[in-house]
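Two complexes, one shared chain (chain A), two partners (chain B, chain C).
For the complex of A and B:
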C-alpha cells in the first residue's frame, strides 16, 4: 500500500460512493423539509410573491455582500462579516473557477468553462483559509457563539478546512509529496461529501430555498425583504 | 575474458587517454556526481585525498576494474526498453557494451539463437555466479503454472528465479518489469507482476518508464561499476538521482501552469504557443522521472516539449490511472446517470417514508390523550 494506491482508492471507488451518499442524503433532507408541511395562509396577497423572492435573492447574493455597510450586522461586527463573506466568495472561486476543479465538473457534467489564472485562484484560496481561521478563533472567544457551538460546529469547520489546506499545500508542493497531499485532499473531500447531508453545511442548498420562501412571504405582504 | 581492466580494453581498441578521461567526465555528468561519495568502490568508507575529483574516482575505478557481466531477460515485454537503450547517448550503448559491460545474453541483440544462445546463458550464469547484473525487461506471469509466457518451454517465473539466484543485483527496466506495466492493466489476464513482487532476497532496482530513459539505465549501471554499490533508492526502489523530482517540477511549460495559460485542445492557439497541457490530461504533477531534465534522444526533446501530455509511465498502474487525455484532477470513477438517479430516488423515497412515519406517530400521539379521557 503506497500513496498511489490510496489516491486511486480516494479518486475512484470511494469518491463514487461518497457522491452517491451525497446525492441520496440531499434528496432525503429536501423531501423531509418539504413534508414538514406548508403554512396555511388564507390572507389575500397584497404584493407579488415572485417579485419578493427575486428581491430577496438580489439583496442576499448581489447587494449585501458588496455594499455591506448598510447592514446592521456589518456595523456591529465587521471582521466576522467580512471573514464570512470572503470565505464563501473564496470557496466559490476555488471550486468553480479553479482549473483543477473545473475538470472535475467537466468529467461529471460533460461540459467545462473558462477558468481564472492560478495566481488569482491561489490568492482566493489563501484568503479563504485565513477567513476560516478567523471564524474559528471567533467561535473560540465570542461568548454567545461559545454557548451555541457544539461538536457538530467544530466538525463542520474542520471538515471544510482540511480539503482547503491540503489543496493549497499540494498546489505549492509544501512539505509532503504531491501524491500524498493529493490523496489526503481526495480523502477529505470524500468525507466532506458524506458529511454535508448530515450537517448544516447543507445550507449550500437550503439557503436558496429559505431565501425564496422568506422573500415570497415578504412579497405577499408587500413588505421590503 | 574479463581479466583485463576496462581501461586496458579501451586502450587496446584505440581509445586515447584524453578520450578516456572525457568519457569518465561524461559518466560523472550522467550520474550527477557533484561531490565525493561517502563510500568507496569496495563498500568501505571512502578515504580519498582532499580535493579528489569525481572524474578521477571514475577513472580510477575504470582502470582497476574488469567489465561487468550482464544477463538480460525479456519476458512479457515489447523490447522497447532495449530499443531505447540502443539510442542511449551518454554513455552510448556502443561504449557501454564495448568497454564497461559484457552483455552475455540478450534475446534481441544476440547473434546466436535457439538452444545455442540458451547454452551460452547457462555457461555465463555459471562462470559469473554471484557477480553478474541481471536486467529484466517485461513483467512476469506467475499464475496458472506460467503458461501465458514461456520461452524455450519454460515459464517466465522459472527463468527469472533461475537467473536471479546467481545475480549480484537486479535491474528491472521499464514499467512492466518494475510494476507490471501494460500486461498488468485491468483486467490483468496473465496475473502479471513486477520483479520485486517475486524476488525479495536480492537487491532490485526499478527503472520504470515506457520505455525507461536509456541514460538512467546506463547511469545506474555506471554507478554500480564505479562504486560497486547501488545508488540511493526511493520507496518504489527507483534511483533518487533520476526519480527525485516530478516531471511537472522540471517542466519547461511549468510557468504557463502557474500563469493559468492552458492549451484547450491539440490544435488551438494555446497548443501552438506551447502552453501547459494540464487540461489535456498531463500526469506530470504525480510522475517522478527525469524526462524534463535529461530529455530524450540526446537531450533533444521529451513528450511534453513535443506537445503531448505526460502519461505518467514511470508510476505503478499508470494504465489504469484515468484516461490519458482526461485531466488529472478528474475522478477515476464516477456514478452513472442511472446510479445517480437511483440514489436521488432512493433518498427521496426514504425521506417520504420517514415523513409518513412521523406523520402517523404525531396522529397517534394526538389520539392517545383522547383515549385516556
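For the complex of A and C:
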C-alpha cells in the first residue's frame, strides 16, 4: 500500500463513514438531551422571553460573536478572548471561505460560493494555529484551567490541532511528500469527525440551547441578557 | 452513603435544562474572573465551573457513553463522600448565587441556577454547613431564622408603630396588598418597616400585614431544599389567601423575592389572581403615577451611589426604578459605580453566606471589590434595596472602618416624602 491508496481510502470510504458517524452521533446527542424532559415554565414574565433570546443570539452570533459585552471581561480574560476568538474566526474563514474546503462542501452539498484569495486564507490559517498553541499553553498555566482540564480536554486540543497543522503543511509543501501530508490530513479529519460527537467539541450544537435559555431567563425578568 | 443520595438527586433533577447547559460548557474557565470570591482570593476552586463539577460528573457518568467509558477506564472518578464534604463548603460558603458568571460565559450557561441544583443534592444528603442548617431549622420550628416568633413579631411591630408614630394595619381582611417583611428588617433595620409603612400610607395603598405570613425570608431556598422552600412559601400564600389580597409585596429582601416571584410558580400551586412584586417596583410605580411626591434633591450632598442586588436587580429586573428615584433625591450627587446595573458586583453576603460564620474571611475578602468600586468614585453614601446586602455592607463598613454611609432606598424615600 502506498500513500495514494491511503489517501484514496481516507478521503473515500473512511471519510464517508466518519461523516456518517458524525451526523448520527450528533443526532443521538441532540435527541438524548431533548428527551430528558423539560419543565414548563409557569412563572409570569415581566419582559419578553423571545425578545431576550433574540438579543442573546444577536449579541452572540449576528453582530460580532467575540465582543465581550460585559465590562471588564476582556481585561480579565485577554488571552482566552483573543486566542479563542481568533481561533473560531480563523476556523470559519479556512473551512468556509477557503477554496479547497469550499470544493469539499460543493461535492457534498451540490453548490459552491465565492471564496477569499489564498494569501488571506493562508494567513488566517497561521493565525488559527498560533491561537491554538496559545490556548494550549494557557491551559497549562492558568490555575483554574489546570483544575478543570483532564485527558478529555487535552485530547480535544490534540485532535483539532492535527488537521490544522497537516493542512497548513500541505498547502506549503513543507518537509513531507504532498500525498503523505494530504493522507495524514484526511485521516486526522476522519478522526476528528468521529471524535466530535464523543466530546465537548460538540458545544456548537448546545450553544443554541444555552444561549436561548440564558436570553429567555434574562428576558422574562426584563433584564438585558 | 451521602454521595449516593447526592447522585440520585442530581440525576432526578437532570432534565433537558440542566443537561443541555452542562453539554454546552467548553471548559474555558472564563467564569472564574466573574466571581467575586475567585477575584478576591484567587482560589481556583471558587471558579463557578468547578462548583458544578459534581453535577457534571453525575450527568456524564449516568447519561453519556463517554462518561461511562471514562469511569470504566478510571479516567474519571465516581463521586465520594469526601467530594461531597469538600464541595459543600465551596457551593455554600463561596457562592452567593448572584449569577454574574452567566453573563460572562460565552455560552450563556446559567451557572447560578445550576449551582442551586448542586445545593439541592447536598441538602437532600444533609451535607449543609451547620450554621446555615441551624437557621433553616429555626425557620421550620419558629417561623423565622432570626427568632421572630409570633410574640416577638407583635411586640416588635408595636414598638415600631410607637417609636416612629406610624400606622401598621394588621390582618385586615379585604385589603388589596399584603406586605411581608424579612426578619432582618424586623430585627436589624426596624426603621425600614416604619419607612415602608409611611410610603404605603402616603400613597393611599389599602394594605395590611399578616400574622400568618410574617416572614418573607426563605432559608429553605438558600439551602436548596425543595420541600422546605415550599413549606416557607406556603406560609406566605396561606396568609395571603386568608386575607384575600390581590397583591403580595416583598420588602427589601432579595432571595425571598427570587423564591416568591421567580421560583414558586414552578414548585407549587400559587394562588391565582395574586400579583407578586417588590417594594422598589411599587415605589417606582407610585413615583411615576404621582401617588407620592418626593422632595427634589433631598439627599444631594457628597457622592451617592447605588448598589445593585443580584436578586432584585440582575435577577429581579428592578434596575430602572432605583435610578428614577435617586435622580429625584440626589440629582447632582448620584454617581454610578462601575460596573453597575445588571453587571453589578455582588455584595458577597447573599445566598446564605452571611449566615455561615466559617465563611467570614472570604466574605470580607469579597467585599474588598465593593470597597474598590466605592473608593473609585469617592462614594459617601451607598444606597441599596436589599436588607441582606445592607447587612453585609453595614457589617463590612464596621469591619473595615470605612467612612461610608449605608442606606436603604425605602428609608430615603420615606424621609423625602412631601405630604
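Keep this in mind: the second predicted complex is superposed on the first by the 214 of 225 C-alpha atoms of A that agree within 3 Å, B and C clash if a C-alpha of one lies under 4 Å from a C-alpha of the other, contacts with A are read in each partner's own complex, and residues count from 1 in each chain.
In this section, a contact is a pair of C-beta atoms (placed from the backbone, for glycine too) under 8 Å apart; a residue touches a chain by one contact, two chains touch by 3 or more.
Predicted model only: the values in this text are computed from it and were never measured.
Applying the stated clash criterion after superposition on chain A shows that chain B and chain C can sit side by side.
Shared-chain residue A:198: touches chain C; no touch with chain B. In the overlay built on the shared chain, the residue A:29 is in contact with chain B and with chain C.
With both structures placed on the common chain, the touch criterion links A:224 to chain C but leaves chain B unconnected.
Here the vertex is the CA centre of chain A, and the angle it makes with the centres of chain B and chain C is 170 degrees, a multiple of 10.
Legend: residue contacts after superposition of the two complexes on their common chain; A:78 is shown touching neither chain B nor chain C.
In the superposition on chain A, A:103 contacts chain B only, with no contact to chain C.
Of the two partner chains placed by the overlay, only chain B lies in contact with A:178; chain C stays clear of it. With both structures placed on the common chain, the touch criterion links A:12 to chain B but leaves chain C unconnected.
Once the two complexes are laid over each other on the shared chain, residue contacts for A:42 go to chain C alone; chain B is not touched. Greater residue coverage of chain A by touch, when chain B is weighed against chain C, goes to C.
Annotation: superposed on chain A, chain B and chain C show a minimal Cα-Cα gap of 7 Å. Across the two superposed structures, the residue set of chain A contacted by chain B and also by chain C is 29, 32, 35-36.
Against chain A, the residues of chain B that register as touching in their complex are 235-236, 246, 248-249, 257-262, 278-279, 285-286, 315-317, 320-322, 326-335, 339-340, 343-348, 350-352, 354-356, 358-359. Those residues of chain A whose C-beta lies close enough to touch chain C in the complex are 29, 32-39, 41-44, 46-47, 56, 60, 69-73, 76-77, 80-81, 84, 142-153, 198-200, 202-203, 206-207, 209-211, 213-215, 217-218, 221-225. Chain A makes touch with chain B in their complex at residues 2, 4-5, 7-8, 11-13, 15-16, 19-21, 23-32, 35-36, 99-101, 103-104, 106-108, 115-121, 173, 178-179, 182. Looking at the complex, you find that chain C touches chain A at residues 14-17, 19-21, 23-30, 32-34, 38, 42, 44-45, 47, 49-50, 53, 63, 65-66, 70, 75-76, 102-110, 113, 261-263, 265-266, 313-317, 319, 338-339, 342-343.
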